[in-house]
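Each of the two complexes below includes chain A, the first together with chain B, the second together with chain C.
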Partner chain A sequence: MDAVQLVNISKVFTGQSNREVLAVNDVTLHIKEGEFFSLLGSSGCGKTTILRTIAGFELPTSGEVYIHGEAMGDRPPFHRPVNTVFQNYALFPHLSVAENVAFGLEMDRLPREKIRSRVGDVLSLVKLNGLEDRRPRQLSGGQQQRVALARALVKRPQVLLFDEPLGALDLKLRKEMQIELKQMQQKVGITFVYVTHDQEEALTMSDRIAVLSAGQVLQVGTPTEIYETPNCRFVADFIGESNFLVGRVIEWRSGGAIVLVDEELPISVPYESELPIGKIVTLVIRPEKATIHPENYLDEKGLLGTITEVIYLGTDTRFVVRLTSQTLILIRRQNLYRNNLSLFSVGERVRIRVASDSIRILEEVDPPRSQETGIWKHSSISPKAAKD
Partner chain B sequence: MTITPTANKKIDLLIRSGGKTMLWLNSIVAFVFLYAPILILIIYSFNQSRSTAVWRGFTLDWYLDLFAGLMGKGSPANTQIWSALGNSIIVGGISTILATMLGTAIGLGMERFRFRGRTILEGLLFLPIIIPDITMGISLLIFFSFIFQLLENITGMRLVLGLPTVIIGHVSFNISYVAVVVRAKIAELDPALEEAASDLGANEWKTFQRITLPLIAPGILSGALLAFTLSLDDFVITFFTNGVGSTTLPVFVYGMIKLSVTPAINAISTIMLLLSIGIVISSLALQQDSNL
Partner chain C sequence: MNFTQLNLKEKINSYFQTDTRKKLNLFVFLFPATLWLICFFIFPLSIVLVYSFLERGTYGGVSWILTLENYQRLANPIYWTVFFRSLYLAFLTTFACLLVGYPLAFFIVTRPPQWRNILLLLTIIPFWTNFLVRIYAWIVLLRSEGVINIIIQSLGISNEPLELLFNSFAVSVGLIYGYLPFMILPLYSTIEKFNFSLIEASQDLGANDWRTFTRIVLPLTYRGIVAGSLLVFIPAVGEFVTPDILGGAKTLMMGNLVQSQFLAARNWPFGSVLSIVMMAIVLLPIIVYFRISEEK
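And then the complex of A and B:
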């Protein structure tokens, strides 16, 4: 049985001057028992709203939420078998750490002795022993985060919901907490539903990820599936970096196609389903899956191009190579050896090789965010690079 | 002689230091203007002379007389002062409790819910703070006589002005003050806290009792103290709504002044002043301390 099941959930908010906003648009999701499931998307994509409909803070405009097979209807949050770790922790400032954690158990009217022992257990699980009597504001961000986690865990919910819980922590602590949360999830075996806008965080921790945009689920899959076989341009662009090459199918035999990019560069790609000749498609190439070689390399196979830019980034070097008059491609090359760092320089003719099964064909040609159709936009390198 | 750059600088400096001096002077004058009368009142409450105009040396007699009045001794005026103070405290206490309950409920409702006519209600809530006391006093008086007349016509019962009418009058202006103070406190409360409580299994009442109420308690208390002070000090509205035997301290003092200003009035005023200051300071301290 699914731990959480969302069936055709939609949510309409009425904003200022009665303008209606569709925050969640017909979302159906099946979250398995014991799974670490992430809802990933940029801000305003509806991921938090979905989480809040599971918790019961929002009721869906249409559709139904099932938790362990049971329809939630308009059940209030305090009657749902889920608990939430809030974005800014929402710790009760007037209660001590122990009182914060005990709150949920007191609401369940557990005997005092039992409450004490369970609070003790969970505090040692999150490594907060000795801080029982502190007030939340006397704790560091990381410690507050742990209290929030303990307060939700102590109720032993069937499903634990997380609303960007690591957003307020600094990078290093965030990375530590990611690993710790993942380990804890495996230890306690509770289903985690985790909202984040950080693709790396989602890839690190999740068993499965749902990528959302504009209130809709675009793709659901394991981190590998999402990264290696994105099903649409948005997912390919949002998770990691991608080159998008738009071209026309000029040949299709069973198992493979030849796509002519910019009417001058033929690229052969394996593809199972049938493609009509003349169809415009998008080729997705991850920057790290292309390799760069001298022009006269071995059998002289691969795409010829001219280096227009070389950016050294420590762990790897990025090359921007012009393939055709209109198409640039970004290549990431790991800096394995120190002595060939300056092997390639700007203006040089090079050969680009991509294993053909590393190229993905998308039959969709939605216009990219830049105005130049089908051209990998050079400027997009800087924000992404900064984020990494 | 030409003005050299250095001379120019000197003029600049002079203007600047002159400005500074004037600013200081202004502050001092303003403070004297505010506090000199109060200071004189306090000083003259220790004056031996019966007349307020001349200083005849230090004495505690007026305070002693006052406290003798408490024991039922001394002049009748000094006994009446204490019963007036008793009225003030009864009126202040009851009107504060009522206004705090109603004002808190209004503050919560206004901050938590979006409803039709909310803006209008907000304006109406501020009105008692803005409209002159005299208008409020007169309208209350007219209102009470109208109601009393109506009751008499219907039931034959004859009601008169007294402590209940004073209390109702005080509640009517205190609600606004309490609501404003409490609302400010609720506004800074993170709504996620109530959601967290609900998420942990607390129903609406438990959430209010265990989370909301303790967190806004400093606001409620400081609203209540403000209401009590305003009630204690109020003259105009009380003057219009009180009747025989329901004289409060400010109204009683006003009556005494009509005869003559005695140092006894100075003494009782000083006591009231200290009481008010004490309450206001603790109210402010509560607001300061509230960022727990």
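And then the complex of A and C:
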């Protein structure tokens, strides 16, 4: 049975001057028991609203939330078998760490002895022993985060909800907490539903990810599926970096198509469903999956272009290559050997090759966002810098 | 409006820890206030204290003979009745103001920002009219041919006019009306700082609305409640205008007693004794307040 089931959830907010905003648009999700499930999207995509409808802070305008098969209806938050770790922790400032953690158990009217032992257990689980009597404001951000986690965990909920819990921590601490949270989830076996806008965080921790945009679920899958086989341009763009090449289908056989890129180079790409000849498609190429070669390399196959930029980043080097069609392509090459770092330099003519099964075909074609560039939104190279 | 952050002890401590230069600065800044307090508070207070141990002069004033007679007069139960009435009315006023003011302050805080300012303005607007005028207005409302009685009779609730004026009911109505803003403002400033996501956290952990209120909201807005209660209770205990106008001859409060001793009976020493007793009564809740703010 699914731990959480959202069936056709929609949520309309009435904003200022009675304007209606559709925050969540017909979302259906099945979150499995014991799963680490992430809702990923940029701010305003509806991910937090979805979380809040599970917790009961918002009631869906239409649709139904099921938790372990039970319809939640308009049940208030205090009658739902879920607990939330809030974005700003929302710790009670007038209570000590131990009292904060004990609060939920006191509400369940557990005997005093039992409360004490469970609070002790969970505080050692989150490594906060010895801080029982501190007030929240006497704790560091990371410690506060642990108290918030302990306070939710101690209730042993069937589902634990996280609303960007690591957002306020610095990068190093955040990375540590990511691993710790993941380990904890495996240890306690509770279903985690995790809201984040950080794609790396989602990839690191999740068993499955739902990518959201404008209140809709675009794709649900494992981190590998989401990254390797994005089902639309938004997902390819949002998760990691992508090059988008526009091409025309010139041949289709079962299991693959040949796409003509730049009206000169046929590329064969695996594809499951049928494609009509002549259809314009988008090819997604991840920067690390393309390789860069001298112009006269071997059989002289591959996309021809000129290097416009070389950026050394320590672990790898980024190349920006302008193809003959003027499209810019980003390539990332790991710096495996120290002695061939400066193999390619700006202005050099090169060939770019990509293994055909590393290319993903998308049937949608968006107009390019900038006249001459391929699109990479989350690249550390600004399009401005890449123009030249 | 930081009624809630007043911590005298801390300030005095830090004064003695700073170096001379800072002390000098502090002196310059505190000089006017100190001078003011000495001239117009400590000095007159000392006079009152001294007078309370002297005999009354024949035509007002005092004659310089030490006596404890004035304090012995307090044993008379007539005065006790007035003290208890004052305390009772002040407590009643404070409680009623809290009962009305707390939800109202909460309501104002939860409005959109542009509404908040308008509503706050509305609470303060009564101050634009003279207090006496506003209290006299209650006579128009409460008297036997007044607005309220006319409405009650025309609705057939009562055939005869109700006795609404010149009793302790009228006084408490006047006090509650007069002091409500002093309750609302400190409550507003405390509730405004309340983090409303704590309510969600509490509900999330299984607390229903009532327990969320008693365990989370109330403890965290406690200081506003105490500050507002003090601001209402202290002046209400010593009030003499409202009971004078709305209470008639039967509903004397401590303030009226003091006033009549000084002005009508011309017994300054006994008036001083009554003032000191009143101050002692008022001092008690202030001490309680400082205890609470020290706890944190």
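We take it that the second predicted complex is superposed on the first by the 365 of 388 C-alpha atoms of A that agree within 3 Å, B and C clash if a C-alpha of one lies under 4 Å from a C-alpha of the other, contacts with A are read in each partner's own complex, and residues count from 1 in each chain.
Everything that follows uses one rule, which is that a contact is a pair of C-beta atoms (placed from the backbone, for glycine too) under 8 Å apart; a residue touches a chain by one contact, two chains touch by 3 or more.
None of these values were measured; they are calculated from a predicted model.
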- Following the overlay on chain A, give me a clash-or-fit verdict for chain B and chain C. clash
- Message: Quick check for you: in the superposed arrangement, does A:Arg151 touch first (chain B), second (chain C), both or neither?
- Response: both
- Message: Touch test for A:Thr84: chain B only (first), chain C only (second), both, or neither?
- Response: both
- Tell me which partner A:Tyr297 touches in the superposition: chain B (first), chain C (second), both or neither. neither
- Task: Applying the touch criterion given at the start, work out whether A:Trp252 contacts chain B, chain C, both or neither, answering first, second, both or neither.
- Result: neither
- Which superposed partner A:Tyr227 touches (first chain B, second chain C, both, neither): neither
- Query: Should A:Asp108 be classified as contacting the first partner (chain B), the second (chain C), both, or neither?
  - Reply: both
- Message: Output the chain A positions appearing in both contact lists, the one against chain B and the one against chain C.
- Response: 55-57, 76-78, 82-84, 86, 88, 90-94, 103-104, 107-108, 151-152, 155
- Message: For a test of understanding, state which residues of chain B touch chain A in their complex under the given definition.
- Response: 190, 192-193, 195-203, 206, 210-211, 214-215, 292
- Query: Considering the complex alone, what residue numbers of chain A touch chain C?
  - Reply: 55-57, 76-78, 82-84, 86, 88, 90-94, 103-104, 107-108, 151-152, 155
- Query: Within the complex, which stretch of chain C touches chain A?
  - Reply: 195, 197-198, 200-208, 211, 215-216, 219-220
- Query: Which residues of chain A touch chain B in the complex?
  - Reply: 55-57, 76-78, 82-84, 86-88, 90-94, 103-104, 107-108, 135, 137, 151-152, 155
